[in-house]
Amino acid sequence: MIIFEIARNNLLASRRRTLFLGTALFGVTLLFVLLLSLTAGVTDNLIRGATAVSSGHVNIAGYYKSSPTDSQALVTNVDTLKAEARQALPDAVVVIDRLRGWGKIIADRGSVQTGINGIAFDDEADLFSMLTLAPAKDYRENPANPEETRGNFADLQKPNTILLFAGQAKLLKAEVGDSVTLRTETLKGATNTADVTVVAIARDLGLLSGFASFVPKQAVIDLYQFKPGVSGVVQIYLKDIKRSTAAMNELRAHLAKKGYAQLEHDAQPFFIKLLQTVPGEDWTGAKLDVTTWEDEGAFLVQIINGLKAVSLALVMLLAFVIVVGISNTMTIAVRERTREIGTLRAIGMNRSSILMLFLLEAAILGIVASGAGGLAGAGIAAAINAAAIRVDVDAMRIVLLSDTLHLVPRVVDVVIAVAVLTFVSAAAAFFPALRAARITPVTAMQSAE
Amino acid sequence: MFALVRLLVHLGLQSLKAHRSKTLIVGGLMTFGAFLVVVSLALLESVERGTRQSVVESISGDIQIYDKLAKDKLSLFGGFTFGTEELGNIPSFNKVKDAIAAVDNVRAVVPMGIATAGVKSPGDLDHALDDLRKAVDVGDRSQIHDLSARVKSIARVLLEQQAKQAAITETAASSESKVLLERALSDELWADMDRDPGGTLDWLESKLGPLGEQGNQAFMRLVGTDMPTFEKVFNRVRIVEGTAVPPGARGVLVGKSLLDKRLKFSVAMFLDLVHNERTKGETIATSTVLKETLQKAQRASPRIAYLLPPREVPAVKDALAKELAQPPSTELVPLLSSFFQMDDANFERRLKLFYDVIGPRIQLYPFKVGDTITLSSFTKSGYLKSMNVKVYGVYTVQGLDESIIAGALSLVDLVTFRELYGQRTAVLDDELAAMKKSAGIKEVDRGTAEADLFGGDDDIAVTVKTVEGSGVGTGSSDPVIEKVVRDEQMTFDQNTVGDGLVLSIAVMLKDPSKLRATLAALSKVCEPLGLQAVDWQQATGFIGQITLVVRAVLMTAIFILFLVTIVILNNSMVMATLERVSEFGTLRAIGAQRGFVNAMVVFETAVLGFLSGLFGAGLGVAFVTWLHGVGIPAPADLLQVVFGGPRLYPTVEASNVVAGLVATLIVGILATLYPARLATRVQPVVAMQGKD
Amino acid sequence: MSLSPNILGALCALVAVASPLAVAAPTDVPQPGVLGGPPGGGAVPGEADLVQMLKVVDDRQANTGDYRSIAYLEQKEKGKADTAFEVVFYRRDADDKLMILFTKPKTEAGKGYLRVDKNLFLYDPTVGKWERRTERERIGGTNSNRQDFDESRLAVEYTPKFVAMEKLGKHDVTHMTLSMKEGVDVAFPTVELYIDKDGNILKREDKALSGKLLRTTYYPKWNRIYSESKKGDVYIPGEIRIFDEVEKGNSTLIQIRETDLRPLDANLFTKAWLESKSR
Amino acid sequence: MSAIIEVQGVIKDYPLGKLSVRALHGVDLTIARGEFTAIAGPSGSGKTTLLNLIGCVDVPTEGTVVFDGAVTSKLSDRELTRLRLEKLGFIFQSFNLVAVLSVFQNVELPLLLQGGIGNDERKKRVVDILDRVGIGKYIGHRPNELSGGQRQRVAIARALVTRPKLVLADEPTANLDSVTGGQILGLMKELNQQQGVTFLFSTHDHRVMELAGRIVQVQDGRVVDDGKQGKTPTSASAAAPTPAAH
């Protein structure tokens, strides 16, 4: 297409301004992609954190009350529940169950209160794909080798093992290989303990990891003397996480039809219900509670919204500056090329083609510069992510939901950023291009007089 | 020289006029830049002022001083660890007070301490039984009658719930409680009540009591302080109900939002929530959260049935039946249940009805101003300490009436704080030592315990001479306990307040802008006293850090924006320069030095930058003034604290305008350097060549 | 509760529940009994013998009438200053009644617990209020709980198994393992018990279901008192030392003295009586 | 042979600030097909205005211009553009090539705008015409790599590649030295004769006029000699404008 060629050649001809505008577009797209990657990273932290550490896409949790003030997080007949879940949700990819306990971890030099999740190692590929071993500096004071990591997640297959997070290990002053004691109470109120060996210390995942530890299922069963078929929660992972809410409603309807008693939906994480809501309710017996991962991480979603708002505002301001710059440049270009435009009109090019010519010029600039910026942004994001830069400000950790800078450069974000910036630059050229289209062919002759 | 400058000015202005489009674009961008700088700085500083006001002027002071050996960081609103922080202590406030007050720029010094205490509100049944016991003690017949009816209605509700549960699971415990509940509702029991009130009451308390819902325990973060001084210094704290705690009296001021959002009767709290969201534009029809909240209200509504004194029931039933267009004979519980089926159409009307008809007849709060509440705390010494403290008033932080974070703290006098904190006094230590001594028990080390305890030749069993005859529980060997004075009646000498333990000291400055210098001076004074001084941002933990993060984000954003603006401006000016090649050539041809051309171009931008900077700053001032008029609403509770109120009313400072101007000039000149160099490189010969 | 629960709210909620779990109950209080000691001379006792021994242990400590003692409690916790109390406790086993009155230190004097059926009420004179507490209340915030002051029911609650004849210091003891009987609520499912030839418990090790040793209790002193109502001797430990084996460094010491088995005032186990003590 | 251009009573005013300047004061002119006509006159005489009107890049204030049977003032911009594209070729004083396109692309441009011509055909036509104007070996060059004469040859090629009915040239030799100018005009004449394309060009160069088959003299916005009487060039003399013959 000849218009395309003219546009491209014009860009190449006015190298300096192309470079300036290109740099600006490049930089803004880069920043845009970085911000999107950051937002995606935080969202990812939330989703992965919520869906791996404390929730499935959809969960069937249960509460058991032997007296009105009692509250235990458990479900019975877990296999039946799993079957119900499969039946109600044909798009469920993975259906697992975990046991949930709450107790004290006691080490030689410290103790912490935490949730104790009983897991089957083989079911939990998702969980372990998002955990990484913590370097020694995360939990030890002045380690000889700060970056050293020890332990192995796969050891959780062995009985009487535990995975801690760095924050807990720090409080416990515990080390991989140490033996720690879990102390809980059975449903009947007897104290029970389990001696477990720390096989891995994982890096913190922001707020979410402070209240979680992982042990083999049998350890929790032993601690609480659970009968077969008792578990803590059924976690269901769907083909598409976006269907969570719909799936929850379907599952609720299904379970209601089957006659299960359920709690009304309450968008709160389970521990709030376990510790605050359910003990205050005046029923006894067992009720199920179907929730989504968003419920479990409800209080963290605000953070992501804030991040999005800040990114959007900044990119909008930058886009405004770019619009001014491009439209200014285009205005001047149109002025400089008045005669050429007149000639083109004279030899038979119509107005819309002239309009297209200039829009195309801006669009090519936009797509090339922002494309490069987008790719560079994605590259830098990937590099930052790989560098796993540590964040030391508490407030930042809360915002980022992690102790490191986690950025996820996504193709869709790069495409969005490039598309937006290309559109912006083309749009910026619209009025100058319109002006160009209004140039009469007469101007082609004017130099003669 | 002067003439030359005049020429420059003239040329500059003329050229700005001549190249109107460039002037417009470049000037526009710089105007925009100046506008943004002024607005964002004004906003940022207003936010910081807001946070400062909501934090510094309500609780923290500009600077906090605490023990250098503290294990945790001071975090007035609570930190990230479980439980109460270990902040070390300052054994005597008076000993360090003068040294701190003597530092330049210190306006006021306020002693403080933080303790966490639980306030228990008894369950409804316990509450009713308590009242019933009081009535029985004084023999108030009609009271007994009313309260008996209340106990009965609670038992009825419990029995109904029991029946529902039985449908799900039947346990031995539940069938046992069913028997008890049925007896509690039986006529013979209440006939017994008339005959033997004491015995019947015992039965009710020990058998029926445990079946009721347990009361709520709310945790209060108490800030103990010298109340009169505190009220003088922290002027954002407003008492909205009741009075200040008088000097020398024990008392507590409770945060209004703690009352409204944590302690209020749940049904009312749910309705308030829905009402609040609705005023923000949400509707019940579209919000599942609101629907769920209303369902919770509906589920909790049976409580109203037994919280209502029996004689008030008919009036409430009438009002509800009228609202629902049902016959007035209907039972109260189902009436309530249908009443709480609310939608957008009837919500406000029913809310009003709730507060007009039901609200005044039940107790909406666990306590009211003037009540004495019991605060319980596990003290530092390891004892469980409970104290009765009178609620003198309810306070809000001015402008932050709605914020649960700002209103989460309760203020208490220092003497009460010290007891709840459980300062280990010398008196107690002596007493414990004496007890230990009189017990005559030797210290045994765990490692050698068996040898130490069983290695001796003593027989294990020691025969004690038996005391014959009929013993009396109240005999001479009975313990004698000193009369215990109830705390709420206690007063103390206000002058002794300073003479004792505090955890931290708030310092208020005369001129807050000199915070850095004063902090440095204070640190110097504190060092030898074994204390450390931190600014309010560090002392307030998460909230203080938020402002730092906001500042960092905003500054980075402005920086990036300026970077991009420089590039864009640069481009525009390069193009403008190229259009003027022949002009520069002519100037050079008639003998202008490169320096002159350079100066001319830079000067032009400077003039433009200054003018547009002024214009932009003016726009910024106007915009901020407009914002000041309407206010920026805080979408989240945390932001209310950060904003210093439900809305941020930003103001603009002269320094913001200056910063805007300077930044614009710098950006403008930076962006001109390259084009100016291009202009100086134009050869005089170009002038002769005509266009292009 | 809030529509938009914030982080702080979530933290608060967690902090609120993070109070330490009750560290369940220690010993049982032994009583007199006259039956002879365990079979000496190396003969391995059968189960029936062991059950008989437990019955002796329970019986020696059992008292059908009223009971009153002064107890000194001392609590050591790692990283904290020691705390101590002096309490008087009253028991009427016939009615399952229990009352604990704090006498020292002054800051605690007048506080008391009263058990009526399954309810444990706490009275605090400084606030003048009664509060219902759970069965597992930590008495005065120490690691002891109600069961520490209740009667011994070893033979009812546990099945014994002989381990060995051992030496404890200078004393010969029978070492047996007690396992919880089906359907019984006890704090510790397994107990290692060391009994001397007279039927005095000298050492007791409480274990969790997992077999982990949780705490060791020593009874280095026993007192014998003649009970009018029982028409026989009642054995009461004079000193109990409890060592926490999980959180090492924590220990509780209970000294029991001035035991009086004469009948107590009929109105003693009432709220009014306890209230009157500090008024 | 019918006329390709009929100009009747054309008046053209241009706004100049608040005033209006009359560039043409009622011009009548007829150009027959195949003619090779020069419009002569001093600077500012109105010849470019006349050319603009004939070239359908402008419409008269009053009067009519009929080009190939169409009244230009009745056509929309779109129709005028179409007309220019298909029936007109332009040659400009300063060549007006598209600087960023190669010689080939410049010539190809109008064909591309026309559309509907196959790739091979189009290429062949471009190459043919470039060969014909003697610029074939510069096919890949950019205009700024060529001399003025070469550029004008490209411009001629561009004007002719669409096989227009009329080629308008506005002072085609003004920016060329006389030798080159002569060559360019010679080329135009040659093309006129070989292909029968009507040429109309403005000039004030006498040597150029000598090649013209007909010279229309314009002065002060009026045609003073429409050159119909003599096929040979005559010097411009004051003559009353004559109505165009039908």
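Labels A, B, C and D are assigned to the chains in the order they are written; within every chain, residues are numbered from 1.
One rule holds for everything that comes next: a contact is a pair of C-beta atoms (placed from the backbone, for glycine too) under 8 Å apart; a residue touches a chain by one contact, two chains touch by 3 or more.
Keep in mind it's a predicted model, so treat the numbers as computed, not measured.
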{"item": "Chain pair with the most C-beta contacts", "value": "B-C"}
{"item": "Most remote chain, CA-based centroid, reference being subunit B", "value": "D"}
{"item": "Subunit C-subunit D separation of Cα centroids, rounded to whole Å", "value": "119"}
{"item": "Distance between chain centroids, defined by C-alpha means - subunit B, subunit D (Å)", "value": "84"}
{"item": "Chain centre separation (subunit A, subunit B; CA means) in Å", "value": "29"}
{"item": "CA centroid of subunit A to CA centroid of subunit C, Å", "value": "53"}
{"item": "Contacts with 2+ other chains: residues of subunit C", "value": "1, 4, 6-7, 9, 14, 16, 18, 248"}
{"item": "Subunit B, residues touching no fewer than two other chains", "value": "80, 82, 289, 542, 636"}
{"item": "Touching two or more other chains - residue numbers and ranges from subunit D", "value": "none"}
{"item": "Chains grouped in pairs wherever the two touch, ordered by label", "value": "A-B, A-C, A-D, B-C"}
{"item": "Residue numbers on subunit C that touch subunit B, as the complex places them", "value": "1-4, 6-9, 11-12, 14-16, 18-19, 66, 68, 70, 72, 74-75, 77, 80-84, 86, 88, 90, 101, 103-110, 116-119, 124-129, 131-132, 140-141, 168-171, 196, 198, 200, 202-203, 216, 218, 220-228, 235, 238-239, 241, 243, 248, 251, 253, 255, 258-265, 268, 277-279"}
{"item": "Subunit D-touching residues of subunit A, taken from the complex the two chains share", "value": "2, 5-6, 9-10, 12-13, 339-340, 342-351, 353, 440-442, 444-445, 447-449"}
{"item": "Of subunit A, residues touching subunit B in the complex", "value": "16-17, 20-21, 23-24, 27-28, 31, 66-69, 113, 261, 264-267, 279-280, 282-286, 302, 310, 313-314, 317-318, 320-322, 324-325, 328-329, 331-332, 393-396, 398-399"}
{"item": "Complex contact set, residues of subunit D against subunit A", "value": "43-44, 48, 51-52, 55, 57-58, 77-78, 81-82, 84-86, 88-90, 92-94, 96, 98-101, 105, 108-110, 112-114, 158-159, 162, 170-171, 174"}
{"item": "List of subunit A residues in touch with subunit C within their complex", "value": "103-104, 106, 108, 111, 113, 181, 183-186, 188-195, 207, 211, 222-223, 225, 268-269, 271-272, 275-276, 298-300, 302, 398"}
